[in-house]
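All chains are identified by letter, namely A, B, C and D, in their written order; residue positions are counted from 1 within each chain.
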Amino acid sequence: MFPSDAMCVPEGIRFAAARVKAEKLDKLLIAGCAAILHEGYCERISRAAGIPASGIDAVALPARASSAEAARIIRRAHAALELMPRFEIRRVPLSQEVLVVGDGQAGAQTAREIAALGYRTTLIEKDAPAACAAARDMEVLSPATLASLDGRPGAYTARLRTGREGEGQETECVFGAVVIAEGVPGADTRAAPFSPGRVIALSDLEGCFERQPRRDWPRLVAIVLDFCIDEGRASTQAAVHSALAVRERFRRQVTVLLRDARVAARGLEALYDQAREAGVTFVKHAGSPRIRSSREGVVISCRDTVLGEDVEISCGLAAVSVDGLLARADSCLAAAAGIEVDGYGRLQQNNVHLLPELSNRQGVFVIGACRGEAYQPEVLRDARDAAFSVHTLLSQKILKVELSHAVVDGDRCALCLTCVRVCPFKAMRIDEKEKKADCIAESCRRCGICVGECPAKAITLPAYTDAIMMARAGMAERPTIGAVGKR
Amino acid sequence: MSMLTLENLKAGSRLEKVLARGEFALTAELGPPKSADASLIAAKAKILAGSIDAANITDNQTAIVRMSSIAAGLLAMQEGIEPIIQITCRDRNRIAIQSDVLGAYALGVRNILCLTGDHQKFGNHPTAKNVFDMDSVQLIGMLACMRDQKKFACGDEIRNSKKAPVVEPRILIGGAENPFGDPLEFRAIRVAKKVAAGVDFIQTQCIYDMERFEEFMRRVRDRGLHEKVKILAGVTPLKSVGMAKYMRDSVAGLSVPDSIIDRLEKAADKPAEGIRICIEQIQKLREIPGVAGVHIMAIEWEEKVPEIVRGAGLWPRPLVE
Amino acid sequence: MITAVRKPFAEIAGMLAGREKVLLLGCGTCTTVCMAGGEKEVGILASTLRLASRKEGRTVRIDEATIERQCDREFYETVRGRVAEADVVLSMACGVGVQFCGEVFPDTVVFPALNTKFYGATVAQGVWAERCSGCGSCVIADFGGVCPVTRCSKSLLNGPCGGSQNGKCEVDPQSIDCGWQLIYDRMKTLGQLEKLEAVTPLKDWSTGRFGGPGKIVKEDALP
Amino acid sequence: MKTSVRTGQITTLLCENSAWKAYVEIGLDPALQGIDVQKIPCSGRVEAGLLLALLERGSAGVLVVGCPKDNCTYLQGSYRAEKRVAVARAALREAGLDENLVRLEFLSSLDSFRLRDAVLDFKRYLDDHSSS
């Protein structure tokens, strides 16, 4: 034990590092005030002292703690630190090749930016011919699809299926990072709620501007957004734009029905205000509106959330935004890439930590319509974000991985696949040779979800074993431990 | 698998003769009591006598314990009703069923309807173990084997000893079909399988959705099955709107069209309207090629059967010797 | 695998009434995979029993162990001593393991902690469904790979009963698919519908449960 | 084995991505003195067996605090924690004990005062309900 005046200040850190070096310590416990609990403190000492951060722990002692109380806190932390293993660092070379899936605006832009940063980029597009041309450091394959994506972040093995269905071939390539920039299929405008001439797609409304003479325009035109799912700024922009055009060119009444006006973008709010001033009515609805069309016209019924009552709107023509219809992203692609989808079938779970371009797999990024962002300026920003993330990852050339990932005890593993199914990050897989589950250190985020789920208690997170957690709580681990003799 | 003929009677029952003569046959349902009270059967039988050709005696219908169908059938016979004994596969295995068939024949029973049986879950002993040693198609096949090959399911001859005479149960074999069960395409296949197994007549689940029934009959005719088996279409008069809705919503495989419910809702005298609808249905069913008769399932409403039969112009019933 | 679910706690506590030394014995194979009797479940039940006995002011020693399989004698060797110390072994294996444990330790009382359910597959994480009845003479080749004995509530071999509606079985339309709808759909996909027109004769049930307790002797595997 | 279940310290397990950060801001609040606080990587690490084992070994009660459900750094952790805490609570009910000896809260790294209130509320609850 080494007393010191202030541990949180640089002098304290230098003092600690000096003691570690002088005494050749491999672990260090620091007790002090709450300041030493702050994020990064142990890492700073680690760098200064040259021992792994996992070997350093900090505990805070209350100002008025009795010496017995302080001793108790220190004893527990000490017992836990004793149990803490020393983690090796693995250095993994990062492949400098990048795969981009989808040649739409998002995919093409990302591929070009990544290629411009000097990474060999392969762009694949499922429909031939690809709209995007090959360039320096950039290869374009079409028709080509991603059949599977296995292995480790930084060196994913992708099976690419090229050529037409039935006559194609499969190739295996290694990529350091993958960007998925697929679109979503357009909604079927022949199915409900559409009805020719009465209920049309919002995207077809503009076509009517030229075709349809003014006398043929009905008294009231309704534009429906958020028909079954919430839409984004792209739809709001299209709706307001069309509403203004109908109002100003044909002098007809226009009602826009939406759940929420999403106008938080440059110029969009002003456009929205302009429409309201021009007399466009906005109705905010809840749930899904019901649309009935007949020879006489169209009746839309919905709950008006502002009035708090059910309303019916009769109009001559309704334009429904197809983005509000549930169009799921390519589920085969999601499965092949191991990407989780959200409730709307979009290739990104509803979680703020993933925004804008991250997925549940390290080194796999999702952008554009397949993740639910269709507003063009945002899509282009996504493309830049994805290119930047790829660069941030791959420019390290070597990935340093602390081997503190989940560990599977082969003797206990029953191969039940629970961990493979519950790991949000696709870090668990079955090691066919060893006949046990195996954790990929580079994919593992050290959350411990698998530890809690494993019915055989075969998985441990070495920095948070039951023993360490019990020691921190001042208790001995479970006295009787099972699992004996296997394989 | 041959069509019934007067020259070559298989069982010699009244029902067989009516069908063989090509008369439009009429059967009804007689549910045994949930007690040992024989008088209830006599009372129901008295109502039905003279209005129908034969009556189905149900076998622990919907898995609710009732008097044995053979015993109840015998009581009905004493009141002048020809019974069609129902046998389900739920409660008895091949040993018990063959034994019952021998006994029933010995007591004078000449018609048996082979059913799979409702699952015990729906009855008053849902915790019981079921049997389902066989299904209805196999049951039909077993009875046909007993009658035509004079052998038990195991292949032994039906005789008491090597020297004793072969006395096989000569039974007219019936089967059931629900034209409204899924998959629709399989319904005619099932009739074909029953025909192949040796069924003589088929009674259907009660029909409200005439369109789907006609579709079913079209499929039956496409396979030529109507020439191999007598099909009796099922009807059930609706007492009330509530009953119609219950049939529509809670009975698997039944669809009651809105038009029928509308009619009942608008009618002042709902039971009378229910009877009228039933009579109209019978008249429509008579027009469908391949329908050889109707089976009236007046659930707890047996007293209306004579009225329906007369209303439908099916009275008096033909005399057969 | 064989699937099972844990018995209600009150039933387990009732069985153990008056016992002072209990060995909770988990099974590392089927009941681990169906999350009813693996090491994790052993730990949860053991803690619950200990907390319950403490609450009642009783001293009960609950020991915990999990072995690879309770249906193979050799795996019991490692826990022999702990079994000997216990008043009762509470087995978290299927019914096979519970009984076999008693055969391995004839002087020991062995109680079941689980209700054994069926032979099933993991149809989704945390969901198991019955797929085989162990009838002893597999017929699924004739039915598009779908077992009519198991998947039909009435084990019908010649087609669906009238209770098949919209692909569901009337016995429980919420959770049971009509086995015959599955067979029909599969046979249709395989272009083998005509095979379903043949009448399936009476089944020989003697090969399975109904032939009495089953036994397999594989001559070439004998020592 | 005679130790009453509720004589020991309260154990709080704080997700290092949210609740632990909130705690660090108020770490030495005297009101929290005597409460065992430790960080965990994610509330999803918690397992019913561990919660019960802590209680068995003398913890007065276990409070698990994780990220708001849709905001878990590890996507599914808070949902898993919810299910496992439910298992532990069911076990406590079965053991005839108060299921509220295990409690789960979700809050963000900015919610220092909510964390403090949650801990103190739990402490108050345990004090009020401690067996005689």
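The working rule: contacts are C-beta pairs under 8 Å (C-beta built on N, C-alpha and C of every residue); 3 or more make two chains touch, one makes a residue touch a chain.
If you're wondering where the values come from, they're calculated on a predicted model, not measured in any experiment.
Undergrad: By label order, what chains touch chain A and chain C together?
TA: Touching chain A and chain C alike, sorted by label: D.
Undergrad: Determine the chain that sits nearest the middle of the structure, using the mean of its CA atoms as its centre.
TA: Minimum centroid-to-centroid distance belongs to C.
Undergrad: Whole-Å distance, chain B centre to chain D centre, using C-alpha means?
TA: The separation of the two C-alpha centroids amounts to 66 Å.
Undergrad: Roughly how many whole angstrom separate the Cα centroids of chain A and chain D?
TA: That gives a centre separation of 29 Å.
Undergrad: Rounded to a whole Å, what is the gap between the Cα centroids of chain B and chain C?
TA: Roughly 40 Å, centre to centre.
Undergrad: If I count partner chains per residue in chain D, which residues reach a count of at least 2?
TA: Chain D, residues with two or more chain partners: 47, 49, 53.
Undergrad: So which stretches of chain A touch two or more other chains?
TA: Each of 422, 457, 478 in chain A touches at least two other chains.
Undergrad: What parts of chain C, by residue number, touch at least two of the other chains?
TA: Counting only residues that touch two or more other chains, chain C contributes 40, 43.
Undergrad: Which pairs of chains touch one another in this structure?
TA: A-C, A-D, B-C, C-D
Undergrad: Once bound in the complex, which stretches of chain C touch chain B?
TA: Of all residues in chain C, those touching chain B are 153-167, 170-173, 178, 180-181, 184-185, 193, 196-197, 199-203, 205.
Undergrad: What residues of chain C sit close enough to touch chain A in their complex?
TA: Result: residues 26, 28-29, 32-33, 35, 38-43, 46, 62-68, 75, 77-79, 122, 125 of chain C touch chain A.
Undergrad: Please output the residues of chain C touching chain D within their complex, sorted ascending.
TA: It comes out as residues 9-10, 13, 40, 43-45, 47-52, 54-56, 59.
Undergrad: Would you tell me which residues of chain D are touching chain C in their complex?
TA: It is residues 1, 5, 47-49, 52-53, 55-56, 87-88, 91-92, 94-97 of chain D that touch chain C.
Undergrad: Mind listing the chain D positions that touch chain A in their complex?
TA: Residues in contact with chain A: 9, 11, 13, 21, 23-24, 27-28, 30, 33-34, 36, 38, 40-42, 44-47, 49-50, 53-54, 57-59, 70-77, 80, 84.
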